[in-house]
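Following this message is one structure expressed as structure tokens.
Chain naming follows the written order as A, B, C and D, and within any one chain the residues start at number 1.
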Amino acid sequence: MDTKLKNYIVKENGDIILNMGPQHPSTHGVLRLEVVLKGETVKQVVPHIGYIHRGIEKMCEYDTYKQIIHLTDRMDYLSAHMNNEAVCLLVENALGIEVPERVKYIRVVLDELTRIASHQLWWSAYGMDLGALTAFFYGMRDRERILDIFEESFGSRLLHSFNTPGGLMHDVHPNFQKHTMEFVKYFRKKLPEYHQLLTDNVIFRNRTQGIGVMSKETAIAYGVTGPSGRGSGYSCDVRKIAPYGVYDQLEFEEIIYDEGDSFARYMVRMKEIEQSLNIIEQAVDKITDGPYTAKVKPIIKLPEGEYYQRVETARGELGVYVVSDGKKFPYRMHFRSPNFNNLFVLNTIAKGHLIADLVAISGSLDLVIPDIDR
Amino acid sequence: MSGVIKYFADILHGIKTLWGGMRITGKYFLSPKEIVTQQYPEIRHKQKIVYDRFKGEVIMPHDENNQHNCTGCGVCEMYCPNGSIEIITKKIPGENGKMIKVIDKHIYHLSMCTFCGLCIKVCPTQALAWGQNFEHAVYDRSKLTKVLNKPGSSYKGLNKKKEAKS
Amino acid sequence: MHDRIYDFSQLTHHIDQALRSVMSPTWTVITELVIIGLIFLGFYALLGLFLVYAERKVCALMQNRIGPNRVGKWGTLQTVADLIKLLTKELVYIKRSDKFLYNLAPFIVIVASFLAIAAVPFAKGLQAVDLDIGIFYIIAVTSLGVIGILLGGWASNSKYSLIGAMRSGAQVVSYELSVGLSLLSIVIFTGSTRLSTIIASQADGWWIFKGHIPAVIAFLIYLVAATAEINRGPFDLPEAESELTAGFHTEYSGIKFAMFFLAEYMNMFLVAAIATTLFLGGWMPFHIGHWDAFNRIMDYIPSIIWFFGKVFFIIYVIMWFKWTFPRLRIDQLLKLEWKYLLPLNLINTIIIAFIVMMGWYF
Amino acid sequence: MKSNEELIKYFTELLPDAQIQEGKQFVEITVALDKWHETAKTLAQCDLKFDFLVNITAVDYLPKFMIVCHLTSTTTRDFIVLKTFIEDRDNPTIDSLYDIWPTAEFQEREIFDMFGIKFNNHPDLRRLFLEDDYGYPLRKDFKDEINMIELKN
């Protein structure tokens, strides 16, 4: 190996370099971690990314604002709806479009359903990372119910490009409210099983408690947001600190744990599922009749200037930064993706742990690689 | 002494939590009714497996006279973010000898489609719709390029125009 | 007498007599060895296939799935199809690996598990060799398998394999102690290491019932330690899919991988068989005190069914462990052994010795 | 949380050299290139404590580059925008903010990858997504000869 290319690695005699990924069961996608090991102890983690870089930011410069929506789906595919909403909110705020009340509540319900689905998938995958393979199937089984609700209303299960600047692409299915409430009822029954199977398990606790401790200062310095940040005792829920949509009219708690270890990050997500169920219960009743979209011109042109919109996805704060030159295409579009920042804290918090802990830590950060690569 | 008690308490607590997890898996082991697997190729014949709004592919509905709603205006082509729609128009002689522009081929590249639904939403004459077919596997990539208007079909509005005029 | 019906020693005796009448004693022994070897080979293959199928069905049911259901009725031939696939797969050779050891490793693993079957008493009179030191023979032979794992991991010239193999070494060396000690408790009870004697001593009650709580503790410890020793979840650290992709057999493919795979399941069977023999009365039927009618009904169930029933129950429990628990970390694994299992086991052994000395057991 | 007027007043006192105006949403502070690091440090240590670098990215305004930072304070929740311009197109360099906000390390690597802007004092300036000999794709004058995308109007 060319030593010049590798000067970022600090290697002593007797250390081994282990490449985890890009095809590795626990990196959840095409992330490659170059790990320097002393025995089984991790000395340094160097993430290598870019295996699925698609140049979404460049593509956005050649797409109209309505066309951009479907690209944002493909960044963090597990919080596709929140990504859509970020762009839509940005355009709506820039143009001063007043979105109908019905749309706002539908969006909140969808946000929270997406969040639950994302956390369920994460729970499943985290169980699998730690070797509890059955957890994977239980999580997937319950997630299927949400995906069915999505499929019934929008026709697709994961990337439903359902938002459009000004409202929704089309109205939700008449059964949407009923099925959502059925799901909430069903899932409230199943959630205790999740805790019994994994949360309370002594092996699971030993594998996560005290592992990968991220102090509040580290979290802020590295820009870690979302459940991973809140597990470090630092309030960073955009829904609370810069409310968008109708989040300021709904009652929910921001879950904060002070421990900063993998278990705290785990618990934040599990408690967030409960909060999301509460939000859905409140919001579903408030979906009033009305139009599903505001009147928007067929070709959207943002006034010249810079815009920034923050939303809370399932993984943290997504920022959309748009520079408009008054044309129908954005001049520059940048996404501040939560996973990008969450990934690079890995080296700091995984140092000194065992290689099995590295899996537990990177799992607890809940990384989605397409969001990092964009 | 408290250390010894804690030592055994830890063991008992550990066994208790482990047994809690085993109860869950044991419960599901003994209740085969909870199985959620759908046996795919067989289930197709028994029940509908996708919802009505399922985005399988873009289709162009034709009525019994082999007529469709597409005017060939090209809005869908313009809106498509991936260039998966190509519209080829032709000119045919219409009423009083004037040439009218009509659709010749509405080419749809399924392989490039991201199912964003913009073409269907923006179509001024509702000529496009979602089809529920999802079994798109083919042996040759070129087969994924489809012509949506059937051969010999014509624009529905053309007759209406003629009727209105006459 | 109903005991006679299911006694295999008459059958084997007849075969022995027949062979002796046609050839010299030396040739008889050789022929018998060959016959037994062939029977065990067939048994080994069939049992491996069945266990793989059983594991897949058990885990599928626990996970709300159907499991294999395409090949044959209820997917029963699925494992046969898998076997054919594995047999026809290409054997990948790694550059700069130690060819000889790399090829040798799967055979060591499989031979170790194969050797141990010889001493397993399947039913009344159905035991290939009844050694005086039966238990220790089995313990010694099954732990040979780890040499194969170490060799395979080292010779593969892959870091994942190496880490997996080293973990396996540490794991087996530690858990061997607990396995040995918990088996020792039964040896103390019976005063013999001969498997047939141990079984005979359980005619009036299995050791798990006769031995009071210490025997139950020894049984539980044995179950945990044995699960760890055969590298099954939650102790599957040498393979640790999410960390080491596949651990020591990362670089093996085709039939060589199948050998590791088969050996794992055979080890599971062996462990269950030992537990059955020592704690659950081997092929002895279930008897309750003086309920003669009940005991008689139990006697009419053939001993081979008793044996396999108990074995499969223990195998099910081991599978249940695997499909419920998360994996331990290597330091926790060793901590569990040295901090919890071993001290408990030592205390337990002393208690048992005391019980035996005072004659407080049935 | 302060209103934009209050923030403008506050920053006019704090940063006399900077050019402060109200943008579409937030207060925007534009500083000269050589004051970049110094201003960032002042902001991180001022009373409002802008300790959280939300986002740092670049925009290619032909022929100059703009580096833009979105900063927020985790205590007061104020949100501001910090900007500077790089005139030198052939060899654009700027000070790294790595020592103030460690998260800048990787976001700056992304900027280096996409725009070719070099950061002084950066600990590990390598390409992040793309190969070493690839161009700088987010520059407006970038042309990919193989996969040509042309703007259709």
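Simple rule for what comes next: contacts are C-beta pairs under 8 Å (C-beta built on N, C-alpha and C of every residue); 3 or more make two chains touch, one makes a residue touch a chain.
Only a predicted model underlies this, so the values are computations on that prediction, with no experimental measurement involved.
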Set A-D beside B-C; more C-beta pairs touch across A-D
Can you check how far apart chain C and chain D are, centre to centre, with Cα atoms defining each centre and the answer in Å? 64
Please compute the C-alpha centroid of chain A, do the same for chain D, then give the distance between them in whole Å. 24
Rounded Å distance between chain B and chain D, as computed from the means of their C-alpha atoms: 42
CA centroid of chain B to CA centroid of chain C, Å: 52
If you look at chain B, which of its residues touch at least two other chains? 18, 21, 24-25, 36
Residue list for chain C, restricted to those that touch at least two other chains: 62-65, 323-325
Could you list each pair of chains that touch, in label order? A-B, A-C, A-D, B-C
Help me check something: in the complex, which residues belonging to chain C touch chain B? 58, 61-66, 69, 320-321, 323-325, 340, 344
In the complex, go through chain A and note every residue touching chain B. 63, 66-67, 69-71, 74, 134, 141, 144, 148, 151-156, 159, 161, 164, 169-170, 173, 193, 196-198, 200-203, 205, 298
In their complex, what parts of chain B are in touch with chain A? 13-14, 17-18, 20-21, 23-25, 36, 50-51, 53-55, 79, 81, 114-118, 121-122, 130
Show me the residue ranges of chain C that touch chain A in the complex, using the header's touch definition. 59, 62-65, 159-160, 163, 233-234, 236-237, 240-245, 323-332
Using the touch rule from the top, collect the residues of chain A that touch chain D in their complex. 8, 49-50, 53, 55, 57-59, 62, 93-94, 220-223, 234-236, 241-242, 303, 305-308, 310, 317, 319, 321, 323, 329, 331-332, 334, 336, 340-341, 344, 373
